[in-house]
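One structure, as structure tokens, below. Some questions next.
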Amino acid sequence: MSKEKIKNSLKVGSDKDGYFGEYGGIAAGENLMKNLEELKAAFQDAIKDKKFLDEFAYYCKHWIGRPSPIYFAENLTKKIGGAKIYFKQEHLNHTGSHKPTNTLFQVLLAKRMGKKKIICESGAGQHWSAAAATAAKFSMPIFGVMGDIDVKKVNQNIIKAKHYGGKLKVVPGALREAITFAIKEWSNNPDYYYLIGSTCSSSPFVDIVRYAQSIIGKEMREQFMELEGRLPNEIIGCAGSGSNFTGSMFEFLDEPKIKKVVVEAEETAALTNGTKGIQQGMVTKFLQSDDGSKSLGGSSLGSGIMYYGISPQLAHLNDIGAIEASTASDKELLETYKLVAQNEGIGISFEPAAAITEALKRAKGKPKDYIICVTACGRVEKDLDVIEELIGKDFE
Amino acid sequence: MSKEKIKNSLKVGSDKDGYFGEYGGIAAGENLMKNLEELKAAFQDAIKDKKFLDEFAYYCKHWIGRPSPIYFAENLTKKIGGAKIYFKQEHLNHTGSHKPTNTLFQVLLAKRMGKKKIICESGAGQHWSAAAATAAKFSMPIFGVMGDIDVKKVNQNIIKAKHYGGKLKVVPGALREAITFAIKEWSNNPDYYYLIGSTCSSSPFVDIVRYAQSIIGKEMREQFMELEGRLPNEIIGCAGSGSNFTGSMFEFLDEPKIKKVVVEAEETAALTNGTKGIQQGMVTKFLQSDDGSKSLGGSSLGSGIMYYGISPQLAHLNDIGAIEASTASDKELLETYKLVAQNEGIGISFEPAAAITEALKRAKGKPKDYIICVTACGRVEKDLDVIEELIGKDFE
Amino acid sequence: MIAYFVACYPSFEKSLELIKKSIDAGVNICELGFPTQEASGEGIVIKKAHDHCLERSVSLKDTIKLAKAVRDYNKDVGIVLMGYMSNIFRYPIDKFVKDLASVDADGCLVVDAPHELREENQLRNALNKENLSMIKLVAPTTTDERLKKLSSIFSGWVYSLNFSGISGSKSADLEQVKSMIKKIRNYTSLPICSGFGIKTPEDAKKIAQTGCDGVIVGTAIVDFIEKNIDDKNLPEKVGNIIKNFVKHL
Amino acid sequence: MIAYFVACYPSFEKSLELIKKSIDAGVNICELGFPTQEASGEGIVIKKAHDHCLERSVSLKDTIKLAKAVRDYNKDVGIVLMGYMSNIFRYPIDKFVKDLASVDADGCLVVDAPHELREENQLRNALNKENLSMIKLVAPTTTDERLKKLSSIFSGWVYSLNFSGISGSKSADLEQVKSMIKKIRNYTSLPICSGFGIKTPEDAKKIAQTGCDGVIVGTAIVDFIEKNIDDKNLPEKVGNIIKNFVKHL
């Protein structure tokens, strides 16, 4: 990789005020400003510290099991007839998603900052179980917040996190309410480290999570060069707020020939259907009532992509045409789950099913040497009961 | 690695009759002899075929996610006070255990032999879900057999296998009954490929499974040399029949300074408490009634290690003192699960909990530069409900 | 004394009634909180009142109407709209400031709009042009460096947070409040009002003695309203509570 | 005609009674199956009878006792013990052969003991020394090469399996049986008996016409016993069934 600065490079973090174009920033209470400033300084310091980065790399390898491999989904490719479909197998990471890469990075950062306790929110419970596992590994007490709607859907993550030693607070609602509540708790306990699960909220969180997850795209570059001798034509990922997608495509932002496609749940597609607003600590696109007092959007099977906002960086990149956005419906998620299980012997969760749905659509009819890489960011265990209930009979 | 033949090397397969010392052999009906002969020839031919081995290596890497990393369990090491404890993280493999390495190898072998259908048995359901996933990946119909006692315990594996397209037959009993039934089905359908899940049954199955799983030890050698500049002092693994343990230690069989310890479930410890007999297609040690008409042994929480027999190769190696044997109780399994979850942020299943129990006992008081590597061959998802029921309150 | 009301809670009329009685009882400045789902700085008491209003589709527009009615009732009382950026941004900002000016309110206070936020700058500039105040908050965690920066944009009065945390969650530490007021004084000649954690008239008295120029009572009032929501004499009773607070100052 | 009985099923006495009646009805060779949990070659009918015996702790010893009683009843009938290596190995082998000789049985047939198994060699050698037979099986899948090897160790008679599979699961394909018998004839002068899938006297008749020297009926008899287990006249009825089979041969 070239180390030269590219003029107008898109491979950059937020500007000095924490913005990406007109999105991002810090919309937080005065009582959190010191924490955010401290965090920003600590983050910028840490990523210049080779020892810290080596430590991150060490645990990525040994604890999480990175690099996650890329995988040529040969049967799906044949079935669809067109582009070569590759999965970036993030579901093979410890705890079953891309999430632990972020929790590992931030828990190490929290330790480096001398923090003694961790607080976090979660939607699908993947972030919660990853965070609790990481906190256990580094002997940090942790306290999590989830909405009761999500808790019902992802029982296994909740139990595992409990076994790791995490204490969970359940609040009425879903991810939005969990974030709001967690931020409140952080306000009350500014000595905590707030461990956010995605590329959202106030600066510098978006940069921190993006930094950690960018390892996905870096691995992809190496792996594709090794296996195919070239890079993919398209990179596709699902998004709740956008961490796995951002992590997958950030590495390639200055390579405009590589298409980057983000897929949201149809019911909560902030990037596609949202309007600009200021909530949840940031300026970005939201599904919101006209007056900004309420969030909108329905419920998706993919609890991890059921969020009414989107990463401000993605809102910006979408505005300037650096990425494309699409959506997937519940019906498509179920259908894609089935296809992947039966044809590739891989049980993915609902979130990556959204991304793979789009990949299948786009692969169709494309030339045989066209490569699409889609990030398979979660495994099915957490969704298994729901799938059995909804389409169990389809498999008899 | 030296390619020279070592005199009296233990790193060998069975002898020309399929025996390891006085164990092993073929105790099968005449109607299966042709299949077994064919299989042996096909196996011996395949492992001389570089293309076949490359294919195996390719899918190991991209589909399963091998190599599984080694992981220094620093917190447990500190807590115990003594030897450095390492986990070989087989639970990070696709489908969550060491099993897919074997199913991958054999499904590729079945394809190479021109077989059109697969049949298999399973205990913990790990082999079943791994086998069904592999069969799906290679577009082979598959038919599995499990005992109803096990089916109740490992619901998730059953559902996943169904989603991959596997058809399951449930018979009264546990693994013993499943094997017996599967063999019968194979007798009725000699055109099937019988995909055995562990180092048991008639020759050449023990050799085939050992061959596939030996990749574990080969990876360990490289990984320890890279990370520690030396090999571990002890290698520990649990055993149902013994595939993960055999795969872990086979590479080191000619290095007698490296201790090899196999851990069985206390209730079904064939190696420790069994007597020599001929059942299930092989001569080996079993927990059996004096007259050989019935199996003995209780029930263990670790459904994958609840088997009343043991790999004939391990019976032999134990007789000649090349390996040691130990056992772990249900109470220990639960306690070890808790310890590992809370201290390392890793949710292991009951089977590796047996091996880790032994590792913790042995690490205590050992010098700090003594290294114990224990194979963590399964993740907790399949056992989560049982754990919640038994010790859920311990985590509140 | 400064009192925080959730605007239009429990209804436009009742809210107006009890604010009138509060003014009669001696409130100097009314904070009119406009509801939002976010309310990330609010505790459960105030959040519940917000939710009540949201269910009835109370909007920022209604809050401005309420401000007008309050102004119509009393020419001198301070009127400050308090809430979150979300609603103001969507109003949008310029129209919000125009409407604020047209109802003769005094300014606004936005919980989640630090001066680092560009949209805050936009809002503040617009308010300044109309001679309206953007009330800024200072928290115990606010650094000296930051306080210095803030001092250049203080306007109207300064809201001194008695603790870092959400409303209604703790009680204030008097020594800390005292030293905070002192610190802020070094940077401004504007009135400093102290808020958060003032639950009883006795609390208010103690806080008043820390050297601040005013005390802000919020959760205590909203809590009383919530608990007596069906009481016919609610406005009088709220008035009495305010009287009791004022008496102690 | 060769008949397979699960030894001591449903009890020692009843089992002996119905074997006696069967001999009277024309059975030439009795196969006495000794029970084991394994029974990997048996279908559900025979397996069920095995389980019945196992529950009552019937052992290989009991089967040998039964053989003695059968021999006491009839000097000429062939008596072959049939089962799995497990029980014989644990007996152990040498004692088993001695006991077999001492009750004047003719030999044994072990389902899961190919000649590749060293323990089979041990057993076979011991039987040979006592002039007892080790009956070997030939399956449709047995290769020519293998048959050649087997031919050198055939003893007593040859059990020709009519299909590859477990007992009681399918019906035999007559053409296939015919060509199998023919093939085996090339390698041996011993009698060849054909078994598996013979359910009715008509089946037996057809199989008998394939050129074999005897037919083996198993599941059909055990099934009848299972279904009429409480019938007081069970031995007579079994005898009648056998008669019917014999009549058709």
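The chains carry the letters A, B, C and D, assigned in the order they are written, with residues numbered from 1 in each.
Everything that follows uses one rule, which is that contacts are C-beta pairs under 8 Å (C-beta built on N, C-alpha and C of every residue); 3 or more make two chains touch, one makes a residue touch a chain.
Remember, predicted model here, so these are calculated numbers, not experimental data.
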item: Reference chain A; chain at largest CA-centroid distance; value: D
item: Chain centre separation (chain A, chain B; CA means) in Å; value: 35
item: Separation of chain C from chain D, taking each centre as the mean of its C-alpha atoms, in whole Å; value: 97
item: Rounded Å distance, chain A centre to chain D centre (Cα mean); value: 67
item: Chain C residues counted as touching two or more neighbouring chains; value: none
item: Multi-partner residues of chain B (each touching 2 or more other chains); value: none
item: Arrangement of touching chains [line / ring / star / complete / other]; value: line
item: Pairs of chains found to touch, sorted by chain label; value: A-B, A-C, B-D
item: Of chain B, residues touching chain D in the complex; value: 17-19, 25-35, 37, 176, 180, 183-184, 187-190, 275-281, 283, 288, 290-295
item: Chain B-touching residues of chain A, taken from the complex the two chains share; value: 61-63, 65, 68-72, 75, 89, 92-94, 132-137, 139, 156, 159-160, 162-165, 337-338, 341-347, 380-381, 384, 387-388, 392, 395-396
item: List of chain D residues in touch with chain B within their complex; value: 35-41, 43, 54, 59-61, 84-91, 111-114, 116-119, 136-143, 146, 161, 164-166, 169-170
